[in-house]
Amino acid sequence: MRGLAARLGGRFLDIADVVGELALFTAAVARAGVRLRGDGRETWRTLHAVGVRSLPIIVVTAWFAGAIAVLQVGEYVVKYRAYEVMGWGFGYSVFREVGPLLVGLMFSGRVGAHNTAELGTMTVTEQVDALRVLAIDPIEYLVMPRLVAMTVMMTLLNVVGDVFALIGGMVTADVLIGVDPYVFWNSFIEYVKLEDFLNGLAKAFSFGVAVGLVSCGFGLSVRGGAPGVGRAVNACVVASAVGIFVLDYFITHLLR
Amino acid sequence: MIRLCGVTKRFEGATVLDDVSLTVPTGATLGLVGQGGAGKSLVLKLVCGLLRPDAGQVFVDDDEVSALDETALMPVRDRIGMIFQNYALFDYLTVGENIAFPLRQRRAASADEITARVTKRLAQVHLPGIEDRLPAELSGGMKKRVCLARATIHDPPILLCDDPTAGLDPVTTNRIFALLKAMQVERAATAVIVSHDVPSLLPLCDRLAVLDRGRRVFEGTCAEAEASADPLVRAFLHPEVTP
Amino acid sequence: MRALLDLLGHAIRDARFALTVGGRTVYYLARAPLDRAAVWRQAFEVGNRSVLFVLLTLGFLGAIMNLQTGFQALRLFGDASLVGAQTMPLVLRLFGPTVTGLMVATRVGTGIAAEVGSMVVTEQVDALRMSGAPPVDYLVKPRFVACILMLPALAVLGVTASFVAGMAVSYGAFQVNPATYANFDLVRTGDVFEGLLKALTYGAVIPIIAGAAGLSARGGSEGVGQATTRAVVNASLAVIVLDFVIGGAAFVLRT
């Protein structure tokens, strides 16, 4: 029993450790952000890399997210023969919740994990130290461009994701439930409001910031060679997922 | 007997072994020499079927290794002991469990017998009583010797050593070569030893082969190697006179 | 366009290799004895690694779902007392198992890929093969059985966490009495089966995909990093696609 208590306590201390370190890191990044310091060329390069890396996976994920949402809404639609609300039920759940959530988790797995591995390898091979010796601030040169690129891309990808989720939803509704795409589209246009879309966009933006901060923070604090990089990647995706759910909750609460 | 007949191996378009033929008669020891990236480690991996050639054949005794599948390779590998360049010790097992692993996996002996053999083997490599340590706690030379113990625990008639002294200091290097020599005398195994330390290697070998960028530039007895006019062979045999 | 085709090629290669690994796992399951101690060790690892994570994320998910549903219900009917009843089937057959699956893919999938991947690049997997231990039999099979055992259990815990958090939020935000919240009228046996089937399937697929990603690692620490990333993405994608497939089949059966 004492062993268990000690382990649990140790686990919480670990978590507190991580949260504290991330908070300090965020403060340092915020200082650089306020001074508007960052490398422009590196930002463009990262934007491109992040976009290319994640677009296909996001398209596929969004398509299935739309399809899955239609399956769930479809049950009630069929039961009450309320075919004209299909697009609304779909749009509400996908644009606000399912879309940003799944896209965010995939983004964290694809881009965040890659970013941690990249920065982690740079750290353990002393490339980051080399930057410091050259009087280049790693936060301005490495972190800011990535943070900006990931935030911008996550927000844009969410828009792309909404489009493909819509297509996935329409196809599934047509094939499995027999809702005409025209009927689907009409109910979607009529009932889904701009605020549903913006709500999702706000979430995507915040997920982008969270994944960016977490992945850079874990990447730069890697210790202990190749196994350390592996551990950091693991910790990064886990912390990003928790961050995404926590942020999602608070944003849902704030922007009802 | 180990035989490679016209073996070619490519990786992503690059030819890393080009039409290489080698023969190691039963009971003989072949020293395999070459610069980094010449394809020496690859030859060893082809012999034990860890990799497959793109062309040519590999024989171990009467088995054509290059044509066997993973299951059929098992009995061939039972006859081979392999010492990996970077130790390849299982980092989550203790030294004792590492050495016992090949026997346990094959259910080749009773638990008591395995323990006894591990103890004996550790004494032979001059590392008595370290069964319960983890590989991460050992120095490079110690890991190499544990690896040697693991590779020979099932008394294989064939021994493959991939650069057994890479990254070790001269004192440890001598100790490892002395151990290899002792084991060789004891059991008259067929062996292939990869190394760039030719002066230490020569006393152990009956034959020598030199690889250069995937091609075999020399194969013959040690005496023939001494007499060779090939500049690369000379450079390896007499490093002190090479400009 | 080139990049896209490239990606498709990679996806097909990954999928084929995962299928091979899956096939071999089943083969060894039928042919070779199962090392129970290894399975228990792995099951403990899987549970120990992910239980807190699953409880946390699924708890928040339950809270989020009940908020969304509650706000919607308030707007439409001016009454949120049915949130519990409305969210329960969704949690059981969709969010419970699938988000648990995604979290396990993230937590355990990366772990498996990192472990197996580092064993590959340090030649430990070659040493296994030399010692008469086929890597799929020795490394993947125990993890496969462990995940199949643990994923349904974790999904049950996740659903419970989601239920409790949803109850708390509904009480806090909409003053729904916990007794009113615990309303299982809309739940059918089929929903429970669908959820369990999904959890079992994810449990079978995640270790295979992660193991395959680890086994195909090449070249140093960078290779391990890539294998790890591939494991999360592939396993998560597989979970989402399988959710659609199983959910679609269940939907067709229902209607």
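Which chain is which? They are A, B and C, in the order written, and residues in each are numbered from 1.
In the analysis below, contacts are C-beta pairs under 8 Å (C-beta built on N, C-alpha and C of every residue); 3 or more make two chains touch, one makes a residue touch a chain.
In this text, all values refer to a predicted model and were calculated from it rather than measured experimentally.
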> Given which chains touch which, is the overall layout a line, a ring, a star, complete, or other?
Replying inline: line
>> Mean of the CA atoms for each chain, then the mean for all of them together: which chain is nearest?
In response: C
> Where the centres are mean C-alpha positions, what is the separation of chain A from chain C, in Å?
Replying inline: 18
> Which whole number of Å gives the spacing of the CA centres of chain B and chain C?
Replying inline: 43
> How many Å are there between the centre of chain A and the centre of chain B, using C-alpha atoms for each centre?
Replying inline: 49
> By residue number and range, which residues of chain A touch two or more other chains?
Replying inline: none
> Tell me, which parts of chain B touch chain C in their complex?
Replying inline: 45, 48, 50, 70, 74, 77-78, 80, 82, 84-86, 88-91, 101-102, 105-106, 150-151
> Which part of chain C faces chain B closely enough to touch in the complex?
Replying inline: 119, 122-124, 126-134, 138
> Given the complex with chain A, which residues does chain C contribute to the contact?
Replying inline: 3-4, 7, 52-53, 56-57, 60-61, 63-65, 67-68, 71-72, 90, 94, 102-103, 106-107, 110-111, 114, 117-118, 121, 173, 220-222, 224-226, 228-229, 232-233, 236-237, 240-241, 243-244, 247-248, 251-252, 254-255
>> For a test of understanding, state which residues of chain A touch chain C in their complex under the given definition.
In response: 11, 52, 56-57, 60-61, 64-65, 67-68, 71-72, 74-75, 78, 92-93, 96-97, 102, 105-106, 109-110, 113-114, 117-118, 120-121, 124, 172, 176-177, 225-227, 229-231, 233-234, 237-238, 241-242, 245-246, 248-249, 252-253, 256
